[in-house]
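Alright, structures below, take your time with them.
Two complexes come next, and they have one chain in common, chain A, joined by chain B in the first and chain C in the second.
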Partner chain A sequence: MFRHNLAYELKEVLRVREFVLWLMLFPIILGTLFKVAFGSIYSSELFDSIPVAVVKTSENAVADELLKALTEGEEPMLAATFTDAENAKQLLLDGDAEGILTIGESMELTVARTGMIPTMLQEIVSRCKLYETVIRDAIATDPASVETVVAKLSAEVNACREVSPAADNPDVYVQYFYNLIAMVAICGNMTGLHVSTNNQANQSQLGARKNCSATPKGIYLTAGLLGSCIAQSVSMVLCVTFLRFVLRVNFGGSLLLLYLAAILSGCLGVAFGFFIGSIGKMRHEGKSAIAITVSMALCFLSGLMMGNIKGILATKAPWVNRFNPVAIISDSFYCLNMYSDYRRFITKIIGILIYITVFTVLGVLFTRRKKYASI
Partner chain B sequence: MQVFKAFLKVLRSKFGAAIIYIALFFLVGILMTKSGTDESVWEKSKMKLVIEDLDDTPESRALTEFISKDNTIIPAFANEDDLTDAMYYTTVDYAVTIPKGFSERLAAGETEGIFECRHIHESYAQVNIQMQLEKYINTVAAYQALGKSTQEASQAAVAALSKEANVELLQKENETKGENSELLTFFRYMPYILLSVIMNTLSPAMIAMNRKDFRYRTDCSGISPHSYTMQIFGASALYVGGIWAVFTLAGGIINGTMYTGRLWLAVLNALLFALFSAVLAIFVSEFSPSDNVVSILTQVATLGMCFLCGVFISQSLLGSGVLSAAKFLPAYWYIRVISMLNGELAFDAGEVALALGIEAGFIAVFVLLAVLVRRSRVTSAVARKAMA
Partner chain C sequence: MKPTVVKIDNLVKRYGELVALDHFSLEIKEGEIFGLLGPNGSGKTTTINCLLSLLSFDKGEIEVFGREMTPTSYDIKREIGVIMQNVAVLDELSVRENIDYFCGLYIADKEKRKACVEDAIKFVGLEDFVNFRPKKLSGGLLRRLNIACGIAHKPKLIILDEPTVAVDPQSRNRILEGIQELNREGATVIYTSHYMEEVEQICTRIAIMDKGRKIAEGTKDELKGMIRNSESVSIEILELPDDVREKIAHLPHVYETEYDGTKLTVRCSGGRHNLIRILAVLQEAELGFGRVYSELPTLNDVFLEITGTALRDSKE
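Coming up: the complex of A and B.
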């Protein structure tokens, strides 16, 4: 009996055209767009030599020495173009230079915008001023020590001992793909919603037939939920496979655990839809609109549209990240990438399992023992 | 006015979902607009740092004071995981721990690895803070070489390092950096919400009106096709105009700004995009998809267009290939106008007119496409009937 119901449930899921569209085409289209849009943004944000235009109006030994130190080596701080004032201005306005270093009696800086790179250039130019101040102090205190002081000022020190966490892939833009998978998972609510609708006599003709059949409600409800979870798991596996192997998105961490998290997330989506579908007497279309809108709101709060929202919420309202099911799903992928131990990943998986249980139990509680005197 | 009233009634029933989107957008609007900065004058970029001073000596306090002066200091996190999360999501750029014994090591000149440092991204901010820390260590060492004690050298270093170079900020011709940046940030995110709200509500309403039974009843009534179209058009215009007016008013209220001068161009820009969203919704509804398919198309259209055209991520960060493709989408031209108004691009009245004209062109194209699809569907329906 159960196997019969399960087989028909699977057939029915595949007949829902939008299921195929939503859950299979959607990540393919959006994943491709995401890859095209920010596949290479992260690498462009990493530190690289800063292009500057250098205009020399007179000799300045300190500035020359400083500039030499900053433009030489394997990874120099600056990529200098020596030119005249007019051309330097053009380079700056065209965006080919981040700033103009004018070397005269002192070193001056001209920039076209504010931001971290111009701030770094100001730090570099200020260093010239620092040299002058310290050398002046040295001459006033002990002129014989000037050489030692200059050597100390320009000595190469490695003052920072790195104890940074080891991320498999620190690319912050990969979180958009985490959120895309989370969105596909939560959109599994559409199949869960169908299970709920197809089991209520006042919601669908199929529900009416099922309710007056001899099959116990527990059997066809369990078969329905299991069938939806199987179908949703297939779409989650396809989604992760497409993103990982076709678009070559580096998710970091264990791929096997990523698949496991994705499959469980899909089941969460199904349970969420089942729960929404079980509440009240609203028609399927209305419940569907609520499920999609709530899902999109949760996706927004998880960072699908605004990548840094999770960071903002972590400081302003951390409970949102803790309770938002979509954020928990995307966090499980993030934890696999960022943490070599599985402590946090397991916490997130437990969170997903709790949500699956709570939504399913509530859904069952809302649908059980319903009597239909007139439909 | 029967059709007009019926259409508004259908629209009202679809408005529940729109309310959630509208509320969400107001939240985003408030969050985003409060992060705008004035770029008309030179201002140093502040790094977000976590400094943990385990040494707590005059030398370590002098260093903390020096680092804190031009940066935003974030209180230390309760655990390492929270710090890692904050660094990944860039709410913290860098974390420095001044370990116990810092002052003794500084006095002994043992500066190799004197700080414990944490970061995730190899960013400019990370290089900048490392540069500052090493500059401080070098300066203290220089003053120590002049015979000063470590404490005196630290104080002298902080004094010497506080002298900063002047920076000249060159403004491009026609550039209007920083003017009403908060309000324009609000307008920047409007394409997402206009498309989401209008497509998710107008399309299902149009589909309901295009249902066979409804159409057949209307066709055999006394209402002429012209009057029917005009009433549908009027109700749609009223709805879209209402949505646009709500956001325009809200933008002004949230930011406490009256619309003046060039800001009206942003308002006009939003109106054109609202109209585009409406004609796109009508075009989609001509294919009579189910409500769920409308939702799919809405998500693909909104998220895809917004990511490709620079609504969520600045156009300056997108590659040239992406931007070339984005030119075939109206949101690209919408964002171009906003960029010219907020000073990201030099303001050029001709360029603004061109962008607005292209947006109007998109509206015209989709109106024609919608009419074409409707006619072809009606023709094929009539042909089928004749065949039967």
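Coming up: the complex of A and C.
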């Protein structure tokens, strides 16, 4: 009887249009939109070297050294074209160079327009002039220290880099994808709610019919919950697989643990819905509205709609992040990605398991009634 | 004597101040089609829900097949088929899957279940719709599916709670014939309705309920025998002098006359040839008349005489 109930629960849940739409298609669509939106942010954030025409009118070793620091490396600030004054002018007029850097006894900059890039060039040249003065002073006062001074200044000339606190993935936008997975997980409440309504005689005629049957309540209730968890797990695996392998979102960390966290999170969503459905005598529609509202509020507080909300809460009301199940879910993915040891990840998974247990136990306590005072 | 299938003794169910069932007792024998007749809100569905152990009750005892009925009496429940007032099927499953699902709540053996499902499909005449989803079925077909889901496991006791509400006449007849067929095959049936014609048509014994109480019980003839009215004669007549009406009122067995200017209604209690005697009076007075018809009492008359309100007019 258990297998019979489980098979039909799966058949039914996977055919529910809302389930397919919200838990399978919606994350794919939203994930794609995120990728498109963040993709343009990434490309706008990439630094392109500024093209400059360099005209050398006389030898200047200090300026050469500074120019070398600016034009070499993985992401050089300047892309220099060494040429004569005539050609440099043409490059500037054609827009192939943002400025002409004339190196003689000192460095001079010629630009053809105003704007951000000419201003940046102006700033770079000003700094170079300053460094040139420092180096010349060093040569004059303590020639032995020149090498050290040049090395330090060269390092300073290169762009600053953000250093990640841990190994894998410093991508700040991946947090939105964690929140998206967490949202899919918490939306599993739809199937949990469905189990609760369909098995209680005072909630639906279907529940009444089942309660009259020769199958003990524990069997069809357990089969219903398990079926919902399986269906929800399918949608979680699908969501993570799509984000990771189709949209190529770099989640870092162990993929297997990522799937495990996603599946457990989905079960949390189901348990949450089951718990909401088991409280009181309100109609299914009312409970559904409550579940959706609470879920969306939790998603908001975890940063799905506003990325910095979690940071604000961390300083103003840290307990919200600590108890918000959606935040715990997204944090579990974050920990898996950002920390090389699994201590924090395990703590988050334990939090998820506690929520699953609490919601399920309370749900069972409320739905286990055999007789009702009114139907 | 046939064994008792259902015994309800002194059942009391309260919803706060409201007494939904007031010391209600009932005994149903094997092979009966027992009708629970009463207006909406009279306590029929509450009785059924208590009987099925869905509802808790304040006082009384319920036995089914000679054993106390509890929520965990799964061996008793295995022999009961329930058809609820509202259609209770799974929207995402096809007709066949729905019947198989509900049958599977009673029968674990797959082969046995398969045969039962096919029988149920044939019984309700849904052979052409087995792969349809419930949303694609008309109201009547949906009701038939609801019935198939309740009887597929071949129960010994079938409880039907207002199964013909909002059903077209064709489907209604089919449902009523089906119930009689199930009964012929050996099932005991409890049938609740506020449609007295249906109850009169199929039930072998009837209990009339009002305000949570049983106000009468018996076969339809026994119930009709409980009231004064045995025949109502109606005559379309445009002119009726008072002396003629008086003469009719004094005929044997006539206990009430009513004239509204176009129609004379004469109510008689017992006796034969009432119609002939009334017509003889009219002919003697040389009065012309139109359509004449004689009606036997209905269960509505029984309800009317006992409660003072018509069954149809009773408040919900």
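Following the convention adopted for this analysis, the second predicted complex is superposed on the first by the 246 of 375 C-alpha atoms of A that agree within 3 Å, B and C clash if a C-alpha of one lies under 4 Å from a C-alpha of the other, contacts with A are read in each partner's own complex, and residues count from 1 in each chain.
The working rule: contacts are C-beta pairs under 8 Å (C-beta built on N, C-alpha and C of every residue); 3 or more make two chains touch, one makes a residue touch a chain.
Just so you know, these numbers come straight off a predicted model, no measurement behind them.
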item: Which of chain B and chain C A:Lys210 touches, first, second, both or neither; value: second
item: Which of chain B and chain C A:Tyr220 touches, first, second, both or neither; value: second
item: Chain B versus chain C, judged by how many residues of chain A each one touches; value: B
item: Partner chain in contact with A:Leu258 - chain B first, chain C second, else both or neither; value: neither
item: Touched partner set for A:Ala297, first chain B, second chain C, both or neither; value: first
item: First (chain B), second (chain C), both or neither touched by A:Thr119; value: first
item: Which superposed partner A:Ala201 touches (first chain B, second chain C, both, neither); value: second
item: Set intersection of chain A contacts, chain C complex versus chain B complex; value: none
item: Chain A-facing residues of chain C, complex; value: 15, 49, 52-56, 71-72, 74-75, 77-78, 80, 82, 84-90, 92-93, 97, 101-102, 104-106, 108, 149-150
item: Residues of chain A that touch chain B when the two form their complex; value: 17-18, 21-22, 25-26, 29-30, 33-34, 36-38, 40-41, 44-47, 77, 89, 92-93, 106-123, 125-130, 133-134, 137-138, 141-142, 145, 148-149, 152-155, 157-165, 167, 170, 172, 190, 285-286, 288-290, 292-294, 296-297, 300, 304-312, 314-315, 334, 338-339, 344
item: Of chain A, residues touching chain C in the complex; value: 1, 4-5, 8, 11-12, 15-16, 201, 204-206, 208-216, 220, 370-375
item: Of all residues in chain B, those that touch chain A in their complex; value: 14, 16-17, 20-21, 24, 28, 31-32, 37, 39, 42-45, 47, 80-82, 84-91, 96-97, 111-128, 130-135, 137-139, 141-147, 156, 160-161, 163-172, 192, 196, 200, 290-293, 295-296, 299-300, 303-304, 306-308, 312-313, 317-319, 321-322, 325
